[in-house]
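For reference, the structures are reproduced in the following blocks.
Presented sequentially are two complexes of chain A, the first with chain B as partner and the second with chain C.
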Partner chain A sequence: MSSLTLHEAEPAAGTARRPARRRGTALVPTVTLLLGALYCLLPVAWVVIASTKSGSELFSTFTFWPGTGFTENVSDLGTYRDGVYWQWMGNSALYAGLGALLSACVSAVSGYALAIHRFRGRETLFNVLLAGVLMPPVILAVPQYLLLAKADLTDSYLSVLLPQILSPYGVYLARIYAAAAVPADVVEAGRMDGAGEWRIFTRVALPMMVPGLVTVFLFQFVAIWNNFLLPYIMLSDDEKFPITLGLYTLLEQGASTPALYTLVITGAFLAVFPLVALFLVIQRFWSLDLLSGAVKS
Partner chain B sequence: MKSPARRTSYGAEGAPYAHPSPTTTLRRARSAPYLFLVPAAVLFLLFFALPIGYAVWLSFRKVRVSGLGLGSGAREEVWAGLENYTGALSDSELLSGALRVLGYGCIVVPVMLGLALLFALMLDSERVRLAPFTRLAIFLPYAVPGVVAALLWGFLYLPDVSPFFYVLDGLGLPQPDLLDGGPLYLALSNIAVWGGTGFNMIVIYTALRAIPAEVYEAAKLDGATPLQIALRIKIPMVAPSLVLTFFFSIIATLQVFNEPTTLKPLTNSVATTWSPLMKVYQDAFGKGDIHAAAAQATLIALATLVLSFGFLRAANRRTKQEAAR
Partner chain C sequence: MPYTKRRRLVSSAVAVTLGATAIAACGSSSDDGEARSGPVSLTYWTWTPGMDKVVDLWNKGPGKKEQITVTVKKQASGDTLVTKILTAHKAGKAPDLVQAEYQALPTLVSNDALADIGDTVGGAKSKFAEGVWQQTTLGTDAVYAVPQDIGPMMFYYREDLFKEYGLTVPATWDEFAETARKLKKAAPDKDLTTFSANDSGLFAGLAQQAGARWWTTSGDKWKVGINDAATKKVADFWGGLVEEGAVDNQPMYTPAWNKALNTGKQIAWVSAVWAPGTLTTAAPGTKGKWAMAPLPQWNEGESSTGSWGGSSTAVTTDSRNKEAAAKFAAWLNTDGEALNALAKEGGIYPASTSAQLSGAFTSPPEYFSNQPDFYKKAAGIAETTAPSAWGPNVNVAYTSFKDAFGAAAKNKSDFTAALDTMQEDTVADLEKQGFGVAE
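Showing the complex of A and B:
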């Protein structure tokens, strides 16, 4: 926000043009942004309130009037099909947590090599990896399913985990971050001291890359947590479903039995909650600037 | 003999000296980047290159059924040439799905990026209040899975539970069916706009903040209004990020799958083949015709590449023309 204060220099010529309060609040931007925030928060506010309603209240009371059934809804959700809901949450945490961790590791080591080392075929390799971003997921997911079926791996945890480890975008971010954060002379000094390349990477470069890798981790965590298509194609056993797929099947059944609607709504609220909380807690550590490729060097 | 204590072994040579000769260091430094890239390369081959190659291969094959199709050997895979492609191109369902997605994209991309740019400019303006709060609130939907977003909005579109309909009812106004016909496009577009605006806003806002303040000073001294500064200075300077967000939005739009799939249980007017990707899924797993599905998938991938790169080239040409002026 420091750049904003820089703009505050007093424009003497501009005062006549705009007689409005110079020191007050800029109304148009503030109101526009508040309207935007309202629009974005509305469905979230709705689900928070709707999750407190019992089945009968959902269809009878005013939408934004809290109900009385929250604890009941949560316990109903917990007992639905022997607690399969919490199994879905656990699965999502596993897919996203482990997948993002492995993804950050692969991105770190590849991004570092692409940024620091000079070797033949470097740019070609990088471009080929990046082209992966452009591939529509379904173009990949259908043949991935067929190939994994040949290896007898479909409908397993691995079938959802493995295809999501390599993130072309993660490699790209790690590369630009390593190029900016790891000085070439530090690497050179390590070589002079006789340290091996792997040791230089793990002991010297990796600690310098941590902030960038946090971004890669979070980016991939969100991508995996939010993924629907891949598990939708790969899995049939609902004990292995992530939360997105689980909620979808719940909604599908709810179409014939509206009594399940309260479960879907409560489930949606609880599914949004951890990710939003995660965001609020770590947004200060997350260098969003990286998303647009801007790195302060 | 006591070899120097080494916590990690980092060379295959196992040389018993702590300081390897310059030649071995150099050799290691040469092979190291390739070794570092092995995990990424293996994963890329297994989960990107191989599936793409396999899909293309499948798209040129078909299953020939002889006799009644019973018994082993009755179904065999044979070469199909371009048959699957001509089939896909003359498939009216795929074509109408593509048209639907084009219409949807013509709403989503301009509205989403327009709002993202508007909010980014507002965040970057002077004397704006509550900016950290509103920025976070507008970014928040990024953390909500597409399926859950579609589910939330889906309920908000249902007359029985929606606050909008409650208000309309109270005012005695007619209640439109949001999940049918033309409004369905708006309903679906709204979900995508809601989910994507914040992320694009952050990308553009970051680019705006990178503009040095001195750039505005001269314009301000000349008495330029904030609107003029935004239109003449800020927007041209963030053009590269606008191009980037546009590029990724086109790709994402052509691949729409989650939102219409999630709305399907709530309405009868979303067909199982509403978008091209849904049609691919339906053909591959509903009908079990993986060859037709593979041809369609390849066509969609090609269309995505042509559209997105065509856009990038057009954008580049414009930037060059402007630079030449």
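Showing the complex of A and C:
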């Protein structure tokens, strides 16, 4: 996704040089891609089919043969502990939606500042951020917990939102994108016309950065939606759990109780829908890319 | 450009971050305020399903009288919960009450996370079997938890298929091996059972039955006896069966395993009292065809079993109302009404001996309706549970077991070597953690 966006943002000098290829020569790449797609989609197909099986069919019938229990599974899931599953779904939407939105805002401001403004320590700051990109967020979860515990914020919605607002990768991407999409001339022209820095940013630069920010938003949305360790450490009240954590509690119920496999599989299947919908809705913003830009070379 | 302002912001942000880390590094400062007057509210981390309904009984009954309200926060079970409790404890924010498996208690106690509640709950001792209660005292004068549920081990087998192949229920492990060989001869595509290395609790229970004591103390040092004679006997026995192909070597709890149980490819399972629940989902097609018997013994005429699973209710050192919390823990695990609700809502097998034959346990589990005296038999078996000896790094030994025995079972190689690896890993970790280890 990112590479796609970045390449599109670059001046289209490379493509012009390459002559149009004839069809038919691309057999090897096509087969490779098809194999890759199969590799990625097979587990998804498994989840889809397994979610239609009832408890007794799950392990006894052929793996890729649909069962008869889908509606029952969904209604079981809905009634489990008074519908706590939908609460988890809502929590995940809140964490991921609000978190990704705030993260995109922070990335936009910092990325723009790092790309356009020159100030002392800019490169140092940027290098620190780059180091942050290399740091897996998992490592930070425990220190973040101890920090938030000092502020008495653990086991709250904020404890999951706050640490995920700053995404080093998002800032990095926004900087690269702003450097490519917002020409210095445009910013200069804005200043000549007497616009303040904030006005230039919000009215001129921000619209140019939208496709890049959409990428940041999507990345962060998926990252938060799938995040497990941070909410696991932060939260103890299962009404605040996101879906990842909720499904985990369905699996690990102690030795005396069997894992609720059918509920977990159906729950995982339903949890994919918001992500798919989001991608379908938002991908149109990416095509704006080619139309945007005020300075044509 | 406002770069000076920005720089100041950055440097102060860094300073705040570092400062906060430094404070956090200073460790926890827990207030030890004891039993205050007035209403008290407690939080309880547990994974037992339906625990909120059981706690409601307390909040509306005895809790209301004593002004002690308990709130359940449902958690996922397992080793990860221990880590979560310890992380919360580091910040001084552990809940008042936690559910903990017996083998996790030494880890929690050695991190100073559990409070001694002997003064409040000591009177409950007589309600539990000695071997069970001993696990909550860790051999000291203190009491760190109240036993909740236990998992005495038993032998489960397909009654119909045993009859079909002319097999008898093995009373000793030698007979067990003979039964496995006899079945292999009669039906080469079937297995009596499998040796699975993906749940260390099973092996630990089998070793416990044989009389192994994996962790003991001598003076102020830990002594690790994972490769002691008793455990070696167990490892050799199963290693031999796997090597000659008398039993399968595939792990449990996989779809393939479920299928093997459901289709009668595997016709027995060494498990614990909670097996009916697992079998209900794993082998729904064979309901009513299974039966339960005591675990085979090492010597004829003996009667002893190990335990696999089981947990307790403990009070943390972070709790500001330890006495109130201990009162609740005692009620939850000894009161008849509470235990009945626990069995009904949570499906647990109670540690309290008086509850093992009352209420929900007067009739057999639905899956075993063909064995009316299921729970009567189970209570008898539970009484014969051998003492266990847990140490502060059970999780390390368990992980090492999964790796070493997983590989040994797959390659059908030497189980004794795997056992030595497990011993070495465990000792090395204890030393690394700074415990004194006796040779």
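The working rule: the second predicted complex is superposed on the first by the 234 of 297 C-alpha atoms of A that agree within 3 Å, B and C clash if a C-alpha of one lies under 4 Å from a C-alpha of the other, contacts with A are read in each partner's own complex, and residues count from 1 in each chain.
Definition applied: contacts are C-beta pairs under 8 Å (C-beta built on N, C-alpha and C of every residue); 3 or more make two chains touch, one makes a residue touch a chain.
As the structure is a prediction and not an experimental result, all values here were calculated from the model.
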Partner chain(s) touched by A:55 [first = chain B, second = chain C, both, neither]: second
Which of chain B and chain C A:248 touches, first, second, both or neither: both
Partner chain in contact with A:125 - chain B first, chain C second, else both or neither: both
Partner chain(s) touched by A:237 [first = chain B, second = chain C, both, neither]: second
Touching partner for A:163 - first (chain B), second (chain C), both, neither: first
Which partner reaches more residues of chain A (counting touched residues only), chain B or chain C: B
First (chain B), second (chain C), both or neither touched by A:154: second
Chain C-contacting residues of chain A that also contact chain B: 58-59, 63, 113, 117, 119, 125, 142-143, 146-147, 232-233, 245, 248, 251-252, 254-255, 261
Residues of chain A that touch chain B when the two form their complex: 1, 3-4, 6-9, 11, 13-14, 17-18, 23-26, 28-30, 32-34, 36-37, 39-44, 46-47, 50, 58-59, 62-64, 105-106, 109-110, 112-114, 117, 119, 122, 125, 128-129, 132, 134-140, 142-144, 146-147, 162-163, 165-166, 171, 191, 193-199, 201-202, 222, 225-226, 228-229, 232-233, 243-245, 247-248, 251-252, 254-255, 261, 264-265, 268, 271-272, 275-276, 278-280, 283, 288-289, 291-292, 294
Chain C-touching residues of chain A, taken from the complex the two chains share: 55-56, 58-60, 63, 113, 117-121, 125, 142-143, 145-147, 149-150, 154, 232-233, 236-238, 245, 248-249, 251-259, 261
Residues on chain C engaged by chain A in the complex (per definition of touch): 1, 3, 6-7, 10, 17, 20-21, 23-24, 43, 45, 47-49, 73-78, 80, 84, 87-88, 90-93, 95, 149, 151, 201, 255, 258-259, 262-263, 272, 274, 277-278, 280-282, 284-285, 308-311, 346-349
Chain B to chain A touching residues, read off their complex: 8, 10-11, 18-20, 25, 28-30, 32-34, 36-37, 39-41, 43-44, 46-48, 50-52, 54-55, 58, 115, 118-119, 121-138, 140-149, 151-156, 160-163, 166, 194, 197-199, 202-204, 206-207, 209-210, 213, 216-217, 220-223, 225, 241, 244, 251, 254-255, 257-258, 261-262, 265-266, 277, 280-281, 284-285, 290, 293-294, 297-298, 300-301, 304-305, 308
